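What follows is a pair of complexes built around subunit A, which joins subunit B in one and subunit C in the other.
And now, the complex of A and B:
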């Protein structure tokens, strides 16, 4: 070790730099994927394509924020997909009834309720987050189906403001950045600099130690899962503006990729390590990967196989690169 | 004696709950009898195998999110082969499907061991892979199942020497389920491998220091789960008569049943009997709600609530025990 520090080889230094800045590795991987895309289909990488990729990556990155934050404490939020779907569906069906502004507020209400329910189960009843969020997801989807029956006559309208946010672009850049940039800045600030963020890391690294040093764990969990629900609800609002067709399974296909984005981004599923910066790059990688696989015109089955294998490969390589050596 | 009682207290409670629920069903629907139980168990068959598969992995301290996808692969493989190979080749086809299941599970396990990633990440990735494999084998639902094999899980199980009225309450599907699970589980439970599976689930470091080969044991646990998932896929093909490449809702249901069945998610505790009873309980609850003509969507809400409430109560009880 000491010999190595005395005379580091170029390769060793590069390796250490990558270990210390894991996000750089991910960005390099992202650039490699984009380069591969450009080689396969010269000219595809232009301003318009970048805008589109960012547009599709944003809802995924927001949903992955739920996974990142809960994973920092060793949890996971599998109800995020359902919560996003509920918010999207409620806003589209309430907008014709009560107007856009109130509909937006009404839509976020069930998101926070389900989040609080998760927090209650995880923080106070000490249920494993995986089980708790699966259960609330089931409850949520059932409630949504019952709700759908009651509003079947009103029809659904995606509010223009959400369409502007989800699909519109200003000067080549997607409008969703208006929401996403402050959002990401807030999360990045909160995870490292705020007391709440540090409590998340503390609880994830060693819950007993955190408790003994006076952290009221249940309050943190309650706030964390409520926040996660709120973020999932917001992601649903952006996503419905992008897809423009509310359905009962709108954001469900985003759930597993959102977990994958957080995992690829280097957040440990056991808690205590990782952060949102990696997750954002992870979401971009997954989106570019999706384009790449579509472009190769493979059968759907082969695309899914490749998707799974690449997640596996990237996370393994990342683990080897950052943990060992 | 009290120790065995306390250990199996959860399972006994589940059995009592199941009996009470069956009684309730009979009260609601006086016509509920042998044929009702028969269709109940037949519908529960794929769920039961999925739950058993997940339970084995969870006992070994892991989790397998790819159970439903592996079932889909087994289902389409069986349906395609049975359609093309004809009736004579049924037995080799079944054996082949079971081997495919073991292989899929072993691949999952080997990847978990080799990549050193958390189980949940590996099996999440493999969920996509197996789903893709199933879609490559069969684009849309199709294929066929051998008729005599389908008859294997339909109707009551005849016992020579007993009147038909007595055997009517023993559906063939229940016999198939118990037989298959017993064949896999009982020898395992008594073997060194079974003990090792419990050991690595409860404390991998202690298991390693007592000379358990952690890697191979983990691969074996996943392999057994793959075998059980293949049985689940087969039973799916047998009950519908076709292969279904899109995985059904078996993962969620299996997680719920495993937890209700008293298998600790932290590993090393529980058995197969509890989860199987839990599967039947969840199916009976669904049946009762249907009989009460409750909106099927409300049924989903109630199922989710039962799952959440039971695990919350379990969590509170465990906490109180720790304090006492």
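And now, the complex of A and C:
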């Protein structure tokens, strides 16, 4: 009896390992899902499939970066889906008018404006991020509808460079990695090794303590939400290259999965804990899970139910094991 | 309330041998209090004497481990605040109890307080223009406290318990309140009056019951000169001369680093002036709620001053944000560690936080410099780093070291320590005194509030005593015996100090 209590339980030890190496454990889960897929449909896992999975995971992982960064401060960015859609729609409608280069710049402009608006609301007016970003998301989509009327005659073209980026491959690898690898490296570096990144964790862990240490929170929030808007805009550009059909609801289906990817990846919605590495794996897990459920040829309803249950299960198991309750 | 003849002769409240422990800590050993009809009894005790625990037990907020509490002679369990009310004991606490988002009328309905007697008492207490549809949150603090008292009076309690009833009240209201409270006793009720203010106690109380170290050590009738007896009882036999540390206080010359004049803020901080020199540790002594919290918050940029000036090295300062105070060289360690720490982050991140706060430091962190800085702070404070991944896993003492280490890692000029040794072990306390002395020897200035008097000779060069939002005494540590500090903290001071108290407009 005493021997049993003295030795940490299997669950306890697994928990400690998870705590120390959360990303490793998520990668194990990802590999398990891939193995399951291979068992169900032998031969499906090949280079081409991997390339496709990565291709679809990248826009999701980018939108999930918005959620991860804002969640580190205890916030969230529910306008990210709308912002991505706006950038995608604007680039496709402006490209025929002003050319690809200027269109890309014009497309990112509203993304940053909406981001700044979020930052203003959250950081200066102290509106809860959930409400603020929900509101700006609605405003953004309304503006887009107005904008759509004004450009209805011009038609839309997805610039070839975005198609190359979103869909193309080079030597079997998706071209989107050209953008995504430096992007991910930058975020991973910033979260741990830049003053800005540290302040995100500090605000999420204890905003009062950060204030007492001299942090002017509004500056951080303003920069954070503007950055989040920019990232969402970029994600929209990559995504429209992948889907090739801009619409007013283009990136909306990615919004909630982007939150789920960050949560599965171990970022606490209460702030202060987590990071982007887990989120990337979380986005891959969600993409593979999507394939798996499609392959099982379930009806759409059942697929969604299962998807929701799996997200709940993974998240609670993770929180339990890492003692974040 | 009608009473039987048998009840008439018994004390309204009689508590004997009450004890309570929290884990290994004994909060009360043998507390006793007797209040008869027609009496106002003062309940007194220094910080940590067990007064709040005793009050919580009497009002049903905590359960006692042992002892008897009899109300009108009947053994009472006092299982809940509602139970205590039903038994006829009604408390008025320091924190206003009205719900801020409801208007006064709804608050009355919620507490089943009859409106007519309530309004009668409100007028009696000196607030003629109260409207029942005022939202409680819109009323000033002083009014809210008076409304709490009126609400308690309207319920016609057998025993009225008032906790620092006159704190935050202007002078005219204080006079009214004292008169009404005395009138309650004269009308046959029993009143327990918890206060630090001897002047008020002398004015309205019949007896004073004194607690020390969880036990009742005295029950004295109020008569001229009783103050000295009470202070003696609160201090106990431990009136040994302070064991001063090596080397006396140094002579303070030249321009002070921190020059504070006439500082006021809110209802509690009225008029505080002092100088803090280079290389000096200036102790601050005050009973709870005398304005010391506000003083430190103003100096830290957490709260705005409503009057007075702060000069640092001769330059006037106005702080709008803690960042301004930090830029001016004032570093604040708050009393509650939970306010200062990122509990789920590492020791390193906690210590490095202030360095990264300014906008110009948002870029790449010089990891090696930071590592060396943090390591030297850890070394200097002897922080136990076995659990440095998350600060919440550290012991209280080590957490406190982290909050101080944060400022020691940089170049500290003026350190504001608010009760830095609260709730930590003796060894760590010693280390903190040592660190404070070291920092001062290297030229830092330190303002050191402590709720424990014996710390003063160990850490400080001079002491300011604050009472009722004003400085009542400034002493060199050599003259600062515990007795003298305690007397000053209760507003019983030397002639100059007494003038300062009189200046506050109190009787």
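Convention: the second predicted complex is superposed on the first by the 308 of 325 C-alpha atoms of A that agree within 3 Å, B and C clash if a C-alpha of one lies under 4 Å from a C-alpha of the other, contacts with A are read in each partner's own complex, and residues count from 1 in each chain.
Here is the rule we go by: a contact is a pair of C-beta atoms (placed from the backbone, for glycine too) under 8 Å apart; a residue touches a chain by one contact, two chains touch by 3 or more.
It should be emphasised that the depicted structure is a prediction, and the values quoted were computed from it without experimental measurement.
Participant: Looking at A:269, would you say it contacts subunit B, subunit C, both, or neither? Reply first, second, both or neither.
Facilitator: So A:269 only meets subunit B here.
Participant: Considering only the touch criterion stated at the top, classify A:212 as touching first (subunit B), second (subunit C), both, or neither.
Facilitator: Second partner only.
Participant: Between subunit B and subunit C, whom does A:130 touch in the aligned arrangement: first, second, both, or neither?
Facilitator: Only subunit B; A:130 stays clear of subunit C.
Participant: Quick one: is A:121 in contact with subunit B, with subunit C, with both, or with neither? Answer first, second, both or neither.
Facilitator: Only subunit B is touched by A:121; subunit C is not.
Participant: What's your read, subunit B or subunit C touching more residues of subunit A?
Facilitator: Between subunit B and subunit C, B touches the greater number of residues in subunit A.
Participant: Of the partners subunit B and subunit C, which touch A:308 in the superposed model: first, second, both, neither?
Facilitator: A:308 sits against subunit B, while subunit C stays out of touch.
Participant: For A:202 in the superposed arrangement: first (subunit B), second (subunit C), both or neither?
Facilitator: A:202 contacts subunit C only, not subunit B.
Participant: Check subunit A for residues that touch subunit B in one structure and subunit C in the other, and list them.
Facilitator: On subunit A, the subunit B and subunit C contacts do not overlap at all.
Participant: Can you list the residues on subunit A that touch subunit B in the complex?
Facilitator: Result: residues 76, 117, 121, 125-128, 130-132, 134-143, 145-146, 149, 256, 259-260, 263, 268-270, 299-309, 311-312, 315-316, 319 of subunit A touch subunit B.
Participant: Which part of subunit C faces subunit A closely enough to touch in the complex?
Facilitator: Residues 300, 302, 321-323, 326-327, 332, 334, 338-345, 349, 352-354, 356-359, 361-365, 367, 406.
Participant: For a test of understanding, state which residues of subunit A touch subunit C in their complex under the given definition.
Facilitator: Residues in contact with subunit C: 193-196, 198-199, 201-202, 205-206, 208-216, 219, 223, 272-273.
Participant: In the complex, go through subunit B and note every residue touching subunit A.
Facilitator: For this pair, the touching residues of subunit B are 63, 111, 115-118, 120-122, 124-129, 131-137, 139, 252, 255-256, 259, 265, 295, 297-305, 307-308, 311-316, 318-319.
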